[in-house]
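Residue numbering begins at 1 within each chain, and the chains themselves are lettered A, B, C and D in the order written.
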Amino acid sequence: MSATMALVFGIMAVLPLFVGGTAHMMHILIMCLIWAVVASCWDLIMGFAGIFSFGQVAFFVIGAYASAIFSIQLGIHPLAAMVLAGLVTAAAGVLVGLPCMRLKGAYIALVTFAVHMILEPFLKSGMGRALGTGGTRGILTIPPMELFGITFAADNKIAVFYAALALAVICSAIIMLVIRSSWGTAFLALKDSQDFAASLGVSAFKYKLAVFALTSFLTGLVGGFYAHYIGMLSTRLLGIDLFVMLMIMLVLGGIGQFPGAILGAIMTVIGNEMLAPLGAYRPLVLGALVVVLVLLLPDGIMGLLRSLVPHKVAEQVRQG
Amino acid sequence: MLKTTDLNAYYDQFHVLHQVSCEVHEGEVVLMLGPNGHGKSTLLKSICGLVHKVDGAIVYKGEAITRLSTEKLVNRGIIYIAENRELFGEMTVLENLKLGAYSRNARKAEKKNLARVFELFPRLATRKKQLASTMSGGEARMLAIARGLMSNADFLCIDEPSLGLQPNLRIEVFNIIREINRQGKTILLVEQNIPQIAELAGRIYVLEEGCITFEGTPEAAAREERLKEIFLGM
Amino acid sequence: MKKLGLFILICSAIVMGTISAHAADVIKVGVPLAMTGPYTDTGDNYWKGIKMAIDEINAAGGLLGKQLDPVRFDTQEFAPERVMQGADYLCGQEKVDSVHAGWAGWGQDVRAYGKYTAPFFADDGSQAAVDVFREDPKKYANIFQLTDTDINQATSMFNVLMALPHDYPNKKVVIINADDAWGMGVGDTLEANFKKEGWEVALREVVPYGTREWGSIMTRVRRIKPAIIHVEIVSAPEVITFFRQFMRTPTPSILSYGYSIVPREVVQTMGKEADGLIGEVPTAMPTPEAPTPEAQAWVERFTGIWKHQPQAGSWAAYSGVKAWAAAVVAVGDEKNHAAVAKHISTEGYKGETGWWKWDEDNVMRGGGDVPFGHYQVQNGEMVTIFTDPPVKPYKDYKFITPRWIK
Amino acid sequence: MILEYLDVFISGLTNGSVYALMAVGLTLVYGVSKAFNFAYGSFYSLGGYFAWVLMVLVGLWGGYIVVFALAVPFLMGFGFVTEKLIIAPLRKRSDWEVKVMMITLGLALFMDNGFQVLFGPRMKSLPPLMEGAVSLGDIYIANQDIMIFVLSVSGILAFRWVLNNTRIGMAVRAVAQNPAGAKIVGIPKNRIFAATFGISTVMVGVGGILLAQKYFVSPMGGWDILVKSWVITAFGGMGSIRGGLLAAFILGMLEAFVGYWFGLSWVLFALFAVLLTTLAIRPQGLMGKWG
C-alpha cells in the first residue's frame, strides 16, 4: 500500500519538471491531488467503513466556504482558517452522521445526499448571506495562502502544486494508518456483520461517528485549500458534474481498494481532459465508461493490478 | 430414481461434500444421518440446485440434472422442504400454498393437490386466510411440507422436519411423512430424532465430515457399534 | 508495481502529447461555453453567433490574411475551478488571441481571464462581474461585457412597465424570481424600484429551478389581484407552466417575463397562446423588422444558416467577434493584446445597428445604437414595442392589452 | 379563506398523484431486489422522449392511446434487458448494492447525455392529453390534472391488484419477502428481478409521458424526479407500496401548504426536515420493514 503511494506521489513530484511551464497542466495536476484526497476520504467511509455516504461533495464545499469565510470575516491566516474549516466540517460530519447511525443502506445515502441538496439553497439564502457566503454571487475574492514569503495563489502554480502534494501525502498517510490500525480491522468486522462486530465488543456507533468526523475533517481541510488556491467560490460546485466525477474516480480506482482512489482520481482528471475534444459526447462516453468499468473491472484499477501481480507480491503491496 | 456419483460441493472456500455417492429408489424413504454441520443439508441443497458450486454427477430418472437451476428441478418433480421453513410471512396460508404450485408442472394439478393437502392437513384448511408469520411452529412446519407437496413433486427432500417441535407434534409430522410416502412419493430425509424415524426408513446413509461412512438398512445400522453414538447422541 | 509505474508514465506521456505544435498562419480564438449540462442551451445560442462571425471572416480571406481557428472549451456548470481551467487552457496553453464567451461565470470569469491579456468577451449581465472589474481596472483591461448589468436591465424593465400605455387598476406587484444570481439581481432591483414609486410588493417569491406546479402561488396571486406579475426564471418549462396555470383563472395583471421571454421554446411551444406576454432582451436585435437594412440583412443571414430566428445572445456574441476583429485590423497585430483591448474600449465598433461603445468599466451599456429591447408576444412572434434608454416606442409597433385583461 | 385552503388542497392532491406515480416504481424495485436505481430519472425522460418521437417527430395517428399501447412493451423490454445486462451480473458480488448504485449512475449519465446529443438541449413539448377545466364555484380544476390524478391512482390500484391477485404478482411479492423461499418453490428469481425492473420502468416511463404533456421533456429533467421519488420512497418506507402512496400525498400536501404559507423556496427544507424527523423516529420509514 505504502509502496504504491510512494511511487504515485513520487512520479507526481517530478512531473512539474516536464510541464511546470504550462499553467493549464499544473492546474490539472493540482486538481488531481485535491480530488485524490477527497476521493480517498470517500473510499474510507464508503469502501472500508461500508457507510453509503453521498455527502462528500457537500463536506468539501462546506470546508471551502468555511475557510474562505473565516479568512475574510475574521482576518485570520488562511492556514489557520483551513484547520478551523476542517473542524467545522468535522462537526457537520458528526451532525450528519448521528441520524445515520440507526439507518441502513439506501437511507444513509439519501440522508447524506440531502445535505448536498440542501446546501445550495442554504448558501444562497438569507442565512447563508448573513454568514458571508455571498448568496448567489458566491465569494469572488478569497485571500491566497502566504507562508515563508511564498504566495500560494493561482498564478504561482508550482508552489501550490508542492503544497497540494504535501497535503495529499499527509492526508493519504493518515488514511493509510487508519486502515491499517485496529480501526481498519473494526471497520472490516462492521462491514461483514454488525452483530458479529458487536460480539467482538466493537461499538458500531463510536467507529461510525469517528469515521464521519475524520473523513469530513480531511475533506473540509482540502476544501479550504481549494478555496484559497482558486480564490473564488460559488454554489456551482454543487452541480451534478463534480459528484459524478468523484464517483468515477472511486469506481475506476476500486472501492475499498485504497490507494486505488488516488490512482482513480489522477486517471479520471487526466482522462476527462483527454476526452475534452469529444465536446458534447464527453459525458456520454464517461457514462458508458462507468458502466463498462463496473462490469469488467469491479475492483477497479487496483483490483486489476492485484490480480495481475502474483499473489505474494500483491500481499506485500497490501501490507506495504 | 435418483443417484449421485462422486458429488462434491463447496461454500466459498470450504469443501463441504467429498465424493458423495448415494442412491434413492422409487417409493423409498431414505434417511440421511450424521452429526450437525457435516454436510447433510448441503447434500439436499446440492441435489435441489441450491448450492452454487457443485461437481460430480446427479442422475434423476435416468437424466443428468447436475447444475440445473432450481426452477427446472422443481418442474421435473424434485422439491426441497427447508429446515427453517422459508415461508412467505406476509402472505396467507392459501397464498403460500398457491406459490408452492408455481412451477409449470404443478399448475395443472393445483386444484387436485390443494384438495389433497387440505385432506392431509385439516388444520390448514381452517386457516386459509391467516398470515404465515402468525402461525405456531408446528403449523408453520405443516405449511412448509404442504407447500412442498403443492409442487406436485415425486421426489421430496425434507430437511429436519421435526426440528424444534414438541414430541407429540413430531409424531404427527412423521405420521404425515409416512402417509405421503404411502401415497407414492419418494423421500430423502435428513433427520436427527432417530428412534421414531428409523422405522419409516427403508435405508440409512451416514454422512460424516462430508463423506458417506455407512449405507444399509436400519437394522444393520443399529448393529453398528460406531453408529450408536450418533443414534443416542441425539 | 512496474506495470503501475509504466501505466502512469504512459498516461502522462499522452497528456503531454496533447500539447502539439500548431501552424503559424492561423489565429486561435478561444470559445469557452457550456457544451454539456444544464446550460447547454444558452451555450448553443452563443456558439451560433460566434461561429457565424468566424465563418464570415474566414470566407472573406481571414483576419490580417490569417484564418481564424476556434478552440472550444466546455465550461460545464461553471464550477470555479472549471472557469479557471478554461482560462489556463485557452490563454495559458493554447495561447489564443481572443476569447469569446457568453454566460461565463458571473464574476469568476473576470478573475480567471484577467490573469491573461487576450481580449475576453462575456455576456454575464451581472453587477458582480463589474464589481470585480472595478477592483483593478488596469489588470482587467482585457475584460469586456457585451451586455449591461442585471441592475440596469431590471431598471429598464421597470421604466418600460411604468411607460406602458395601460391603466393599472392598483399599485400591487408580485415578483417571482429564480434563486440564481441573475434572478436575485433582477428581483431585488425591481422590488426597490417599485417600492420607491409607492407600489406595494404584495408577494416576492424566490423559487428553485425545476418548479412546475404553481398552485400555491396562484392561490395567493388570485387573492392579491396584482396589476403586474413579473417572472424572472430563464428556463422555458418553468415560465410556460406558470403561464398556463395562470391562464386557468387569470387576474387582470400585466405579465412581465423580463429576460425569461428569451428561451425560444416559449414562443415556439405556445405560439399565439403566449400573446400578450412582455419581456426584455439586452443587446437585442429588434424584431420582426430590424432597425437598419444591414441589421435586417444580418437577421436573414442568420436565419438562412441556422434555420430559426436569432435568440438572445447570438447577436451579442457575433458582435463581440466582429468588434475584436475590427480592432485587430486597426492595430495591425493580433498579438498586441493590450493595444487591441485599448482600441476596443476607446474607439468602439460600428456594427449592423450602429456604434457599440463600451464605458469605463468595459461594459456595453444599454442605449444609443444598442439599446435594451422590450418585446411583446403578438400573433405568436416577439415584437419590439419599446427601446430603452430613453424609453421610446419602436417604429409603429404598439402595446396590445392582453386578452385576459377585460 | 376556506376556498383558498380548498384551492391549495387541490394543488396538494395534484402534486401527490404525480409523486405517487413517480415513486411506486422505485419502491417496487428496491423492495423486491434491494437494487437502488439511480437511472430512474432517466427512465422518466425516456418515456417522455418516446412519446415525443412518436407523436411529434413521426406524427403517429391515434393519439395517446396508441402511444401508451406501444410504450408499455417498449419500456418493459428496455427495463428487462437493462437489468439482465448490467445489474444481474453484479448480484453475485458481496458489495453489489453500492456497485448497482454506481453502474446506474453511469447509465443515467449516458442516457441523459444521449438524449441531449440525439434531441438537442432544448425542451420538447407534447400535445395536451385534455384541455379545459371543471369549475366549481370559484375553484377551477384543470381536466389535465384530473386525468393525471385518475390515471395515476387507477394505475397504482391496478398495479396493486396485479400484485395481490395474479400468479406473477404473487411471485414478485414472494421474492420480496423471502428470496430463498421463492427459489425453493421454483420461482425463477432472476427473471422476477428483471421483470420487476421492467415493470418499474413501465411505471416511471408511462409517468414520464403523462407528465411530459404538462411539464415537458428535457435531457436533464429526470434528476428532480429521482430525488423526489427517493425522498418519497424513504419517507414511506422502502419497499412498501402503501407507504409510498401515503408518503406521496403527505409530501404533495406539505409542498402545497408550505409553498402557500412560507413560499416555494422553503419546500425543500420542509421536505427534508419532515423526512429526517420521520427517519429519526422510525428508521424504516412510515410503513417500511427492515431487511
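Criterion: a residue touches a chain if its C-beta (ideal position, glycine included) is under 8 Å from a C-beta of that chain, and two chains touch if they have at least 3 such contacts.
Computed from a prediction, not measured in an experiment: that's the story for all the values here.
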item	value
Chain-contact steps, minimal, separating subunit B from subunit A	2
Chain pair showing more contacts of the two, A-D and B-D	A-D
Relative to subunit C, chain with the most remote C-alpha centre	B
Chain whose Cα mean lies nearest the overall Cα mean	D
Centre-of-Cα separation between subunit D and subunit A, whole angstrom	32
Rounded Å distance, subunit B centre to subunit C centre (Cα mean)	75
Whole-Å separation of chain centres (CA-atom averages), subunit B against subunit D	42
Approximate Å spacing (C-alpha centroids) for the pair subunit A, subunit C	35
Interface hub residues of subunit D, defined as touching at least two other chains	113, 116, 220, 265, 268
Set of subunit A residues in contact with two or more other chains	121, 240, 280, 283
Sequence positions of subunit B contacting 2 or more other chains	none
Full enumeration of touching chain pairs	A-C, A-D, B-D, C-D
Contact footprint of subunit B on subunit D as seen in their complex	167, 170-171, 173-174, 177-178, 180-188
Contact footprint of subunit D on subunit A as seen in their complex	46, 52, 99, 102-107, 109-111, 113-114, 117-118, 121, 125, 240, 244, 247-248, 250-251, 255-256, 280-281, 283-284, 286-291, 293-295, 298
Complex contacts: residues of subunit D adjacent to subunit C	4, 7-8, 10-12, 14-15, 18, 113, 116, 120-123, 125, 133, 138, 140, 142, 214-216, 218-221, 224, 255-260, 263-265, 268
In the complex, subunit D residues that touch subunit A	30, 34, 36, 86, 89-90, 93, 95, 97-99, 101-103, 105-114, 116-117, 220, 223, 227, 230-231, 234, 238, 265, 268-269, 272, 275-276, 279-280, 283, 285, 290
Subunit A-touching residues of subunit C, taken from the complex the two chains share	1, 3-5, 8-9, 11-12, 14-16, 18-19, 35-38, 40, 72-74, 76-82, 84-85, 88-89, 92-93, 105-108, 111, 115, 126, 128, 131-132, 135, 179-181, 183-185, 208
